[in-house]
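You will see two complexes here that share chain A, one where it goes with chain B and one where it goes with chain C.
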Partner chain A sequence: MRRRSEVRASISPGVRAGLIGGIALVYLAMVGMIEAFDDLLLIGEQVTLGLVLLAAPPFAAAFLAVRPRVVGGRVERPAPLSGLVIGVIAGGISGAVIAAWLLIVEAIGVERVRSVFVAVSPQLIEILTFGQGVAVGTLILLLGGMALGALGGVWRTLRHGLRLPLSVAVGAVLLMGLLQRIAPTILDELSVERDWLYSKVTFGLTWLGAVAVFVVTASVTAFVIDRRERAEARPPEAGTPQGRRATRTVLLLALALGLIVLPQLAGTIVSEILGSVGVYVLLALGLNIVTGYAGMLHLGFGAFFLIGAYSAALLTGANLVTAFGLVAPEFSAHLNFYVALPIVIAIGAVVGALLAAPVLRLRGDYLAIVTLAFGQIAAILVTSNWLQPITGGPQGLRDVTDAGLSGLSFRDPQDFYYLALAFCALAAYVSWRLASARTGRAWNAMREDEQVADAMGVNTPRYKLLAFAIGGAIGSVGGALFAVKVGTVQPGSFEILVSITTLAIVILGGLGSVPGVVVGALVLIGLPGLLSQFEEYRLLIYGGVLVAIMILRPQGLIPNVRRSRELQEDERTQDAWQQIFGEPEAEQEPAAEEAR
Partner chain B sequence: MGGKTLGRLERLPVRSIVLIALSAGVLVAVAYGSYKTLTLPAGERYSASAWRDFIVLGVAQGAVYALIALGYTLVYGILRMINFAHGEVFMAGAFGSYFFADAWSKSGFMNEQPWLSIVLLVLIAMIVSVAVAVLLERIAYRPLRGAPRLVPLITAIGASLFLQNTFRGLFGSQTRGYPKPTMLEGTWTILGIPVQKVQVLVLVVAAVAMVALTLFVARTKTGKSMRASAEDQEIASLMGINVDRVIVTTFIIGGMLAGIAGVLFALTFGNISYFMGFAPGITAFTAAVLGGIGSIAGAAIGGLMIGVLQSVGPALLLTGANVPSPFQLKDVVTFAILILVLIFRPGGILGTGDAEKV
Partner chain C sequence: MTPLLEVVGITKHFGGLYALAGLDLHVDEGEIVSVIGPNGAGKSTLFNVVTGLYEPDEGEVRFQAESIVGFRPNQITKLGVARTFQNVHLFPNMTVLENAMVGQHCRTRSGVFGAIFQTPSTRREEQLIRERAKAALGFFGPRLTGYRQEQPAFVLSYANRRRLEMARALATDPKLILLDEPTAGMNPRETLELRDHIVRMRDELGLTVLVIEHDMRVVKGVSDRVIACDYGRKIAEGTYEEVATDPQVIEAYLGTKAAG
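Right, the complex of A and B next:
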């Protein structure tokens, strides 16, 4: 009897994970992602991004369903056989769910389903049945699900030293496939023969190339892991601080060199995309100061984007679209961009501080909502007919003067790239220095507990204002760069989108982490820029990223050490100090506040 | 409150200066705008009946906002979190019922059985909204119980974006016309005032829903445990209340009200889109804050006030000041009210006015 209940206990997570995986598959199909991503060939003529998307849920379901066993307080790897069985169950159920959905759709009729669910098209059915008709298609889905499930289940049971290299290798192959617009250009520029790696017909990897990438990355990772394990076995010989600093300097120099050379190799597409990434890095660095450092959630940061863009456009000169053709706005100056920029920065800082001044007493979510309201007001005002003579209303401004230093055009992606790079580097340096300076420490104290910081003599209103001002200044530079890059300013209605995109970047990278901001911007702006298929699902993915990161990894991809401690409750309890003295945080105890 | 505020003000006189300047500015702007509008030359002036229509429209709009605001208020009362995705719960209800409304209007069922079809539409919208609200709670919010307060708010924003774009992916991005039974076209004259039939329906349904909710919270055992959980979750759970279940119930009730609001909104304005939840969501949140968040009566009062302010405000304040197309700026009025309430009376009309509470 006991044995049977044990079996049931180990199978039920498989069933659950399988059902969730199946629902995920149906979701991806009905939202239209599978079809949209199906025209992106990653490997050969067979493996498309849509197929990867189709294969991921059963695999992941099986992987997650197989739980490591805890034996005598130690975590043990699950047995391969049980991994296989649970994996097949989970994957099979996922496959069965999507197969059942397919049959239901067929029974109702694709066109009738399509009249409600617009993404359910004959092409989607074609993709899901692999062009083999419904009967064979459902069988393929079922068997494929089981096979992927088996793979996922066994994957979990692999030794760490084996699983990690294999996972890295799979990731590398997918990444190389996704980078199909950059990597071949770089190889061509370096005059490396690349036809064996990237096909000229499908643009994706060839099978030979995929296998090569897989083998190389897997063996390199295995080698690195092996060396590290051996090094750990030996008594640690800590590198001298000087030595470590030297390595860091060398690494930074190498990175700088790489960033400077990159556009020359990778061509204008990459520069164009990296230019947009740069604009968002600036915005996100600004938001990072307000939200990451000072701990005040800002939901209207797009307002600084608008302020920067409009003031840069008006200060350097732009035109309005009216019924009588292009007209100069009621107010405009014709300054050189580099003369205008300090003024833009000053405007950003002053507006940031002025808006914050009346609401300094608010905290937490109410402050967030007020910033959202400010952002919305800014967006509505600039697009309104009222301010049309200045801002151009819904049509926005056009022909922003392309006035840099002689010979450098902002519209040229290559030149703009260097401009953005310089400002990003400057802003990152400022952020980094601020974090460890007195100001940064004051923000830290304020974020962790405002009342305690107050009591300890931190002038919290002042530091709050300072955070808003510096954040606003950096963010408005991002807006100004955008205006001169594109040459038109028409982002009014996108204010909320800019705000949320910026927030997603900061959250994904890790609140309070400067490298995190860069990585976040590369992932959320760079990847969709490279793959036009992403465009439609960008916001869906941002939303999903925000939720997933907050639930799974609130400290972000590249966490700021101190910030991550605050965001992870488990780590908090481990903190002996807090365990002894309890949590003095007022936010957590609404009852105590009400009593006051 | 006194001593503490004084201490702060002494340290930062800028703040009090800014506040005084702000309130003076707002008062002057309101006085100037209204004076100019009301003294416009006879031809350009709004007639008395125009003002009456603005107010009636505002009340009807406000009733819908009140229904949505209740969802915010209930959740905030218990979880102390702003359920930013509540606007999407409302949108989901409107969207879910749309396909039935569309089919019934084409088949003629809607005009044969207008009352039955409206009841059914409301039921369907309620089911869809409740399903979305419960899933939202289960998947996005429950794992974050007890996390620092900004974490669930960010999650809620993400969930809102995710839901919006899910509906966009599932049903397409175009705005769709929501059919309305011919019976609801035209006006009824009530107390000598012509009122659009749809608006009467909106008001009646909203009033019934709110009375039912008040009775539910005041009289039933579940309502009592909701109030207990709002007071103190920990003590409530010690008293044998299943707080998790109470929270789910709260989301269910919020979802039901949002579903009703969805149908009423769609019938009033006649079209729906995946983005329709955003503005009413924020407006309703403003209404909840204005009335005093956590208070049911407050949500109702706040909703009505915001509705009227939104429809009267732009005309009254901006027309005279020569602002072209003042109704473009109606959301500015909402947001400005939100900011002013939070600055001067964060506890709302029925609240305590204690800023530290937030």
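Right, the complex of A and C next:
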């Protein structure tokens, strides 16, 4: 009796995860993502991105269904056999769901389903049945689901030191496949023989290349992990701060060098994309100060994008589009961009502080709603008739200056890349310095507990104002760069999208983490820019990514490194401490004291 | 001599409930004064009014002969009044050292530009903040030193959280420290140790201490003067013996114990 309930308790997560995986599969198929991504060959002539998308849900369902057991406060790896069984169940159910859906569609008739769900095309059915007809196709889906489920379940049971290198290697192969428009160009530029790695016919990785990437990344990761584990086994004093600092400096220099050389090798497409990434990095760094450091949710940060873009355009001189052709707006200065920029920054800071003034007493949800309204007000104002003589109303502004420093042009992706890089580096430096300074501590304290921060002597209204002002200043630089990059400032309904995207970047990367912001922007802006297939599903992917990150890794991709490391090291340092000093916490019953 | 802290006739009500109903008290410099009273007697409200978290409806709060009614909490902290909370309120995700460093905030002044350009004065000040914070943590012996300073506050044991909260208050360089039930939830040994800490705060650091406490051994052991409250009013004042034998106090506060 007891055994049966135990078995049921361990199987039901598998069933549930399998159903969710199956629904995810059906959804991906019906919105057309699987078909749209099927023309992108990642490896050889067989593995397409669509196929990866098809394989991911059963694998993920099985992986998530196999939960590690917690025994006496300790997390234990699940047994391989139970992982296998639960995985097969989860994956099999996922496969069964999509197979059943396929049969239903066949029974109704593809064309009739298509009249409602436009993405359900004969090509999609062809992909899902692997061109083998419905009978064999459903069998393949079912068996494939079970096989993937088994793999996902067993994957979870692997030792960490084994699983991590394998996961990194799989990720690296996929990433190299996705980078097929960039990596070959770089290799050609470096005149490295690359035909063995990237095929000239399919543009994707060759099988040889995929295996090579897999083996190399897996062994490098394994080596790094091994070395780190050995370093951690030594007493803490061994890793001197100076040694760490030296390695960090070397790494930073290498990174800087790589970023400077990259556009020369990778061509203009990459510079173009990285330029956009740079604009969003600036916006997200600004928001990171308000939301990440000071803990105030800001849903209208896109307003600073507008403020930066418009003030840069007007200060450097732009033209309005009217029925009578291009005319100068009622207000315009013809300043050099670099003279205008400090003014733009000042405007951003002042507007940020002005917004903060009425919301100083608000917290949490209320603050979020007011900031959301602020974003909308800014968007409506710039398109209003009232401001039309200055902002150009719905038509916006054109002919924003393109003159950079002597001979450089903002319109040139290569030149713009360096401009964006410079400002991003500057903003990152400012963020980093502030985080570890007295100001950053005050923000942190405010984020943790506003009332207590107040009682400990932090002037919270002042620091709220400061966070909004500095965040607004950094964000408006992003807007200004966007204006000179594109040359036009056209308002639309995209401000709310800018706000959401910026927030998504900060959350994905990890609130309060500067490297996280950069990675978040690369993932959410860079990857979709690389692959035209992503464009249509961009918002769907954002939503999916955000939900996944909230459930699986709420601290973000790159959380505050120092703190997460400390958490892992706790046990070890505590042991070392106890050996040296004895346990200060060891309490004996104070019999003598008690008697008094 | 004017008292360090003087509370005159403060009233604070929440709707129809009078948490404080014309309470008077004073604390002289160098004194350790205990406030006792049953739950809901208005003791914590008194602390919240003194530290500026609540504004009193009536009455006057004077610190060093200066009225501080209407001051913001951070201004009152800067004047030299520090406090702990009844339910420990730390900054849980900041490290132990950072928690204490926040305490130094009101004694320092470096700002954004100093941080960005790393001016020598900012660096010096940061060094100073660090040293003072470490000194405040060192007040409790080895418990908050060493590797613990780099740990986030939420990993600390309950007793250590209480100690850290006191260390953070000490790091504000106060003249007067308000302790709200510092021994709540501590075991007997920790309680006795804390009693010594409270006395040391006065003897070694020269602080004046106003403490809310339920543990009568602590009250007896530390207090120069005891003030008993009930229903937002002072019902007795004097030495521990005087207050403990006061019939009104026994009825209001120790009554349950006498009955049991």
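For this structure, a couple of remarks:
Operating definition for what follows: the second predicted complex is superposed on the first by the 504 of 596 C-alpha atoms of A that agree within 3 Å, B and C clash if a C-alpha of one lies under 4 Å from a C-alpha of the other, contacts with A are read in each partner's own complex, and residues count from 1 in each chain.
Keep in mind that, in the parts below, a contact is a pair of C-beta atoms (placed from the backbone, for glycine too) under 8 Å apart; a residue touches a chain by one contact, two chains touch by 3 or more.
Computed from a predicted structure; not experimentally measured.
Of the two partner chains, chain C is the only one that A:L434 touches; chain B does not reach it.
In the superposed model, A:I380 makes contact with chain B only, not with chain C.
Of the two partner chains, chain B is the only one touched by A:Y537; chain C is not.
Between chain B and chain C, B touches the greater number of residues of chain A. Within the superposed three-chain model, A:N459 lies in touch with chain B and with chain C [touch as defined at top].
Looking at the shared chain after the overlay, A:I507 reaches chain B, while chain C stays out of its contact range. Once the two complexes are laid over each other on the shared chain, residue contacts for A:F324 go to neither chain B nor chain C.
Overlap of the chain B and chain C interfaces on chain A: residues 459, 566-567, 587-588, 590, 593-594, 596.
By the touch criterion given at the top, residues 236, 429-430, 433-434, 437-442, 444-445, 448-449, 451-460, 466, 470, 563, 566-567, 570, 573-574, 576-577, 581, 584-585, 587-590, 593-594, 596 of chain A touch chain C in their complex. Those residues of chain A that touch chain B in the shared complex are 27, 30-33, 116-119, 295, 297, 299, 354, 357-366, 368-370, 372-374, 376-377, 380-381, 384-386, 388, 459, 461-462, 496, 500, 503-504, 507, 536-537, 539-540, 542-547, 550-551, 554, 566-567, 569, 587-588, 590-591, 593-594, 596. Those residues of chain B that touch chain A in the complex are listed here as 8, 11-12, 14-15, 18-19, 22, 80-82, 99, 139-140, 143-144, 146-155, 157-166, 168-172, 231-232, 278, 282, 285, 289, 318, 323-325, 328-329, 331-332, 335-336, 338-339, 342-343, 346, 355-358. By the touch criterion given at the top, residues 51-53, 72-74, 77-78, 82-83, 85, 89-95, 98, 101-103, 105-108, 110-112, 114-116, 118, 122, 125-126, 129, 141-143, 146-147, 150-152, 155, 157, 160, 168-169, 172, 187-190, 192, 217 of chain C touch chain A in their complex.
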